[in-house]
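Alright, structures below, take your time with them.
What follows is a pair of complexes built around subunit A, which joins subunit B in one and subunit C in the other.
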Partner chain A sequence: MYLILHIWRQQGPRDKGHFERHEARDVSEHMSFLEMLDVINEQLIEAGKDPIAFDHDCREGICGMCGMVVNGEAHGPQRQTTTCQLHMRQFQNGDELWIEPWRASGFPIIKDLSVDRSAFDRIIQAGGYVSIRTGSAPDANEIPIPKGVSDHAMDAAACIGCGACVAACPNASASLFVAAKVSHLGLLPQGQAERPDRVRKMVAQMDAEQFGACTNHAECEAACPKGISISFIARMNRDHLKSMIASSDDVEARPAK
Partner chain B sequence: MNLDAREPSGPIEDRWTQHKASSKLVAPANRRKYKVIVVGTGLAGGAAAATLGELGYKVQCFCFQDSPRRAHSIAAQGGINAAKNYQNDGDSVYRLFYDTVKGGDFRSRESNVYRLSELSVSIIDQAVAQGVPFAREYGGLLANRSFGGAQVSRTFYARGQTGQQLLLGAYSALARQIEAGTVDMHPRTEMLDLIVVDGKARGIVTRHLVTGKVEAHVADVVILCTGGYGNVFFLSTNAQGSNCTAAWRAHRRGALFANPCYTQIHPTCIPQSGSYQSKLTLMSESLRNDGRVWVPRNEEDVGKDPTKIPEQDRYYYLEERYPAFGNLVPRDVASRNALYVTNDGLGIGPEVDGERRGVYLDFADAINRLGEQTIRERYGNLFEMYERITGDSPYQTPMRIYPATHYTMGGLWVDYNLMSTIDGLFVGGEANFSDHGANRLGASALMQGLADGYFVLPFTIGNYLGTERNFDGVSEDHPDVRAAVDDVNSRISSLLSAPKAKHAPQWFHRKLGSIIWHQCGMSRNGEGLSQAIDDIRELREQFHREVKVTGGEGEFNQTLERAGRVADFMELGELMCRDALDRAESCGGHFREEHQTEDGEAARRDDEFSYVAAWEFSGDPAQPTLHKEPLTFEYVKPVQRSYK
Partner chain C sequence: MQKALTLYQTSIGKKAVMAASGVILLGFTLGHLSGNLKAYQGPQALNEYAAWLRSMPSLLWGTRAALVFAFGAHVFSAFQLWSQNRGARPVGYRRKKSLATDYAARTMYWSGPILLLYVLFHLAHLTFGQTFGFYEFDKMNPYNNMVYGFQIPAVLVPYLLGNIALGVHLFHGIWSMFQSIGINHPKYNIFRRDLAIGLATLLTLGNLSFPIAVMLGYLEPTTQTFYFPELE
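Showing the complex of A and B:
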């Protein structure tokens, strides 16, 4: 296959950035999208030019480190597939592709296609856990959990934290990411004690990180490589409302970096 | 050097309890005076950092990924073993211990393995309390499955994402401590050297991967949980960033490296499709429960559509050679036999570099017997993953599989406290050598990482600090600290200025991987290993002469990162081959062609090789010094494995 690529190049957060044209020749349909970029990068290095920076690690769709926007779609055209699992057979000979980083003020660009997603870590730090001390747990079978509840929690827990939901959202909202964690823990009996505080703290942190609000476009669900449902956002909103009414104290978010 | 494993004595079931009872503690008010560095945030590192922070130590934690949640523990699919005996099928701590020692082909330390089995039950409790959504039965209790041919169902799982869920559990505990201010987290920061002052590990030198800043961090204790070195093979199931640099640099500073030749090659991975390939993807071992492995009997059929090859022309080699276990023989046996049939010219799939390296895993019989729906329920997500990568549907045509490097049992030598041969340097998870012997059983890696992280290290670190007590202040200006920083800076400069810069680091990595895969992979012999040692040395010289790294040191430079990691793999690769050459026996994942039984199976030589090979760096990568820790088996008596 022969492809024309327009790849976003940006030296750093303060650089303006631009598209750079590349041609990919002899692309095999069995290559992954990132392997196609590997080949270009190896050629760039050998020619003494700066290779394209992009984040990636496991290359099996689970670590959540990779992600780029291909022709306007986060992680590219294939449903429920991370960029590393996207293969070139999804494209046609002669296709022209525009490749961009996640774009959101909550995800400042580091270089080229690589962005800073530490905001997600700070949202989890705000309350995305059960406060259980190591060694203090009761026997694992002490609390039976109905299979349906456990499976539902697992549907939410499958989130890989890649940020495609933010990249796909016209408001750059992180609602799907936050809702997935809020729902995962809020559905399980172990997460009940901190449930009201957790949702308020995490939502406050999401707002502080400059992510937008949800206005039900559902682009996040369409882009999510793990197929996480926006019904979790509705669930989070219910929990949040209940908590706002029932709790007397305010929560404070830590300042964004 | 005296390799004292500091194993407690007495009945094996009391050793860990006794050891804890006789160890020193650090009072709560004193803990905040001690600084602990944890490198790596996988199951072992994440769990250790969270637990030590919770105990009140001042923890500095480092990972090279952009977030601690991305460590490669996340990719483990199958499950985690625990001797809960929830299935009432006769499991016990002792049985898990027995299976692990035997599965490791009698090359691990009994006391450590027993402790691992004992702690396995607490791990499940801890994970469930954190909110890990393990699979459940309709009654609401935890579900289990039998894994990797085990006779009991002791494996806990969360769909095909057990590693992810356990890691997110540890990550959430870590996040809680970061919020509480007990752990200072440094993502996108790579350890490039260990600081040793007066014989004790006192800190690390790191490079920030975005700014390029090289700096020293001093502490009272350093813990490495930096994973395995499977990427020495270039192609493996490891993440792209997985590397040996932290462990190798510690080795160069005096930590002995144990059993580097023990690597695990997993039989069911998706074969390479071209020379551009960057990694290999594992398909869960559970597929062998229903799939039948075969290749064409006749060489002229290897390029044909497999569904058109008649039954009598198919060679179900595992079923024919191992009638008792058939397709469920252990990983090493399945892998080696795939190698043999492809060496005989019967491999299938696309030709890569002139060879067809693949065998079929066929579900047609299972679909006929059980119906497509049942197969879809059991393996639907795996079949989808396979189709996404290869474009073929396993419902219609047999899967193609081939072995790939998956796990490394070797690692830094540690005693019972998980302390290396450098005082104050502790090693957990895949980075140490301790529990799996020459072969790791399925669903045991997650168990070991979490046992080390949650339950062993937090305790043994307290013992070390409580025993040593007073640490001289070491500042960033200490001459040994500055020397380590200077070393790192000069290594970086030389990578950036190779005299005849020509090839990208990955070019060399690919060459190194090819040497090791062919000579120190599933099947090894003396001649090949000697040749590999020479070839690697030559390649290493060429690397330092011709590696081309664009850009500078003070910036986000992924080529420079890669070059540093490849440089260390070049040295480790040679040690691996040397260890494999020295170990003139076959055991577990280490198969020496000169040492096999009449049936072609691995022949151990217990009288001569029942020891841990721990290598000391002498200053020259070509002249390491071998030290031996003899292994004794008081409980599980060595026997020869047989799967006929």
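Showing the complex of A and C:
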């Protein structure tokens, strides 16, 4: 396969950045998208040039490290697939690809296609702890949870925090990520003790990280490599409104970065 | 010491304000359409209805105040959310493909301001009697004011455009408000879309039926003269 690539190159957060044209020759259709980029990088290194920086780790679609926007689609054209699991057979010989990083104020660019997603870590941290009984291991099935509820919680917990929802959202909103994280604990009995506080703290942090607001385009759901439903966003909204109206404990406004 | 976060300060709170004010405005448009249907019972019926509305000043002004408040809240929080969303992506994509969103959702920031202009035009025309010199405004005869207006293309066109914008805006808005305030259940979610399509279609076609009826000659000007003390 022969491909023309326009890859975003940016030296650092303050650099303006530009697209750089590359030609990928003899690409095997069995390569993953990242392997295709590895080959380009080998060539760049041999030529004494700066290789393209991009994030990756497990390369089996479960860690959430990789991700780039390929021809306007977060993680590329295959649905429910991370960039590392996207294979070159999804493309045609002679295709021209525009490869860009996640673009959002909340995800400053570190270099090239690599973005700083520590905003997600801070949202998780803001959620705080879950009260559990420590000591000896509890019996399995000690707390009865209906199968439907545990499945639903698992659907939310499938989120790998890759940030494709933010990248795909026209408003760069992190609502799907936060909703998934709020919901997988909020659905389970173990998550009830801190449930009202957790949602308010996480939403406050989400806003402070300069993500946009949800305007219900559902682009995030289409881009999510784990197929997480926007019904979780409705659930987060409901939990948040209930908690803000009913709870007697205040949550402090968090300063913007 | 930091201040406690108020609901409105959160993005979700602002979306709830959008939804709540949207429901009030939606309720008004439904009431407005159902009242206007009196036109099909003849000039007498519509003009009596207009006089009846003005016979209860406290209810009339209470409703107007609520509508102005809802309209203001809707526009104000939309503006705040818009500026937040703009700031969230300072550098855009060279290429961006839409996978799920629709025309109505993408054009909310266009259909909204168009509706604002349309409402101002509509108030200027039939509430304040601005006929742009095309015909004589008769405050005792709202029926004729409407019919004469729709016979003039320059007046007719904003009504057509305004109501199409209304339909598009409501199609996304009605579905969206359920999502924003978290009314969501797999058993009933299908009805949210149906309700959005149904109400948006009903209101657009219902409102447009008046200018169309005038154009087709079904609603004609009346030569009758009216007097209602409430309309003074």
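Observations, loosely collected:
As a working rule, the second predicted complex is superposed on the first by the 242 of 257 C-alpha atoms of A that agree within 3 Å, B and C clash if a C-alpha of one lies under 4 Å from a C-alpha of the other, contacts with A are read in each partner's own complex, and residues count from 1 in each chain.
By our rule, a residue touches a chain if its C-beta (ideal position, glycine included) is under 8 Å from a C-beta of that chain, and two chains touch if they have at least 3 such contacts.
None of these values were measured; they are calculated from a predicted model.
By the touch criterion defined above, A:G106 reaches subunit C but does not reach subunit B. Contacts of A:M1 after superposition: neither subunit B nor subunit C is touched.
Set against each other, subunit B and subunit C touch different numbers of residues in subunit A, with B touching more. Once chain A of one complex is fitted onto chain A of the other, the partner contacts of A:I245 are limited to subunit C, with no touch recorded for subunit B. Contacts of A:P51 after superposition on the shared chain: subunit B is touched, whereas subunit C is not.
In the superposed pair of complexes, A:N141 makes contact with subunit B only, with no contact to subunit C. Across the superposed pair, subunit B and subunit C touch subunit A at no common residue. Contact residues of subunit A toward subunit B in the complex are 28-32, 34-35, 38-39, 41-42, 44-46, 48-51, 53, 55-65, 78, 81, 85, 87, 89, 110-111, 114, 116-118, 120-121, 124-126, 128-141, 143-147, 150-151, 153-154, 157-158, 160-161, 184-185, 188, 190-191. Those residues of subunit A that touch subunit C in the shared complex are 6, 17, 19, 69, 71-73, 98, 100, 103-106, 168, 170-173, 200, 203-204, 206-207, 210-219, 221-223, 230-231, 233-241, 244-245, 250-255. Residues of subunit B touching subunit A in their complex: 47, 50-51, 54, 65-70, 72, 74-75, 84, 86, 122, 124-131, 133-142, 158-159, 161, 163-165, 168, 171-173, 175-176, 178-179, 185, 187, 210, 237, 239-241, 273-274, 276-279, 281-282, 350, 385, 388-391, 454-455, 458, 502-504, 506-507, 548-551, 555-556, 558-559. Contacts from subunit C toward subunit A in the complex involve residues 2-5, 7, 9-16, 81, 84-85, 87-101, 105-106, 108, 172, 175-176, 178-184, 186, 189.
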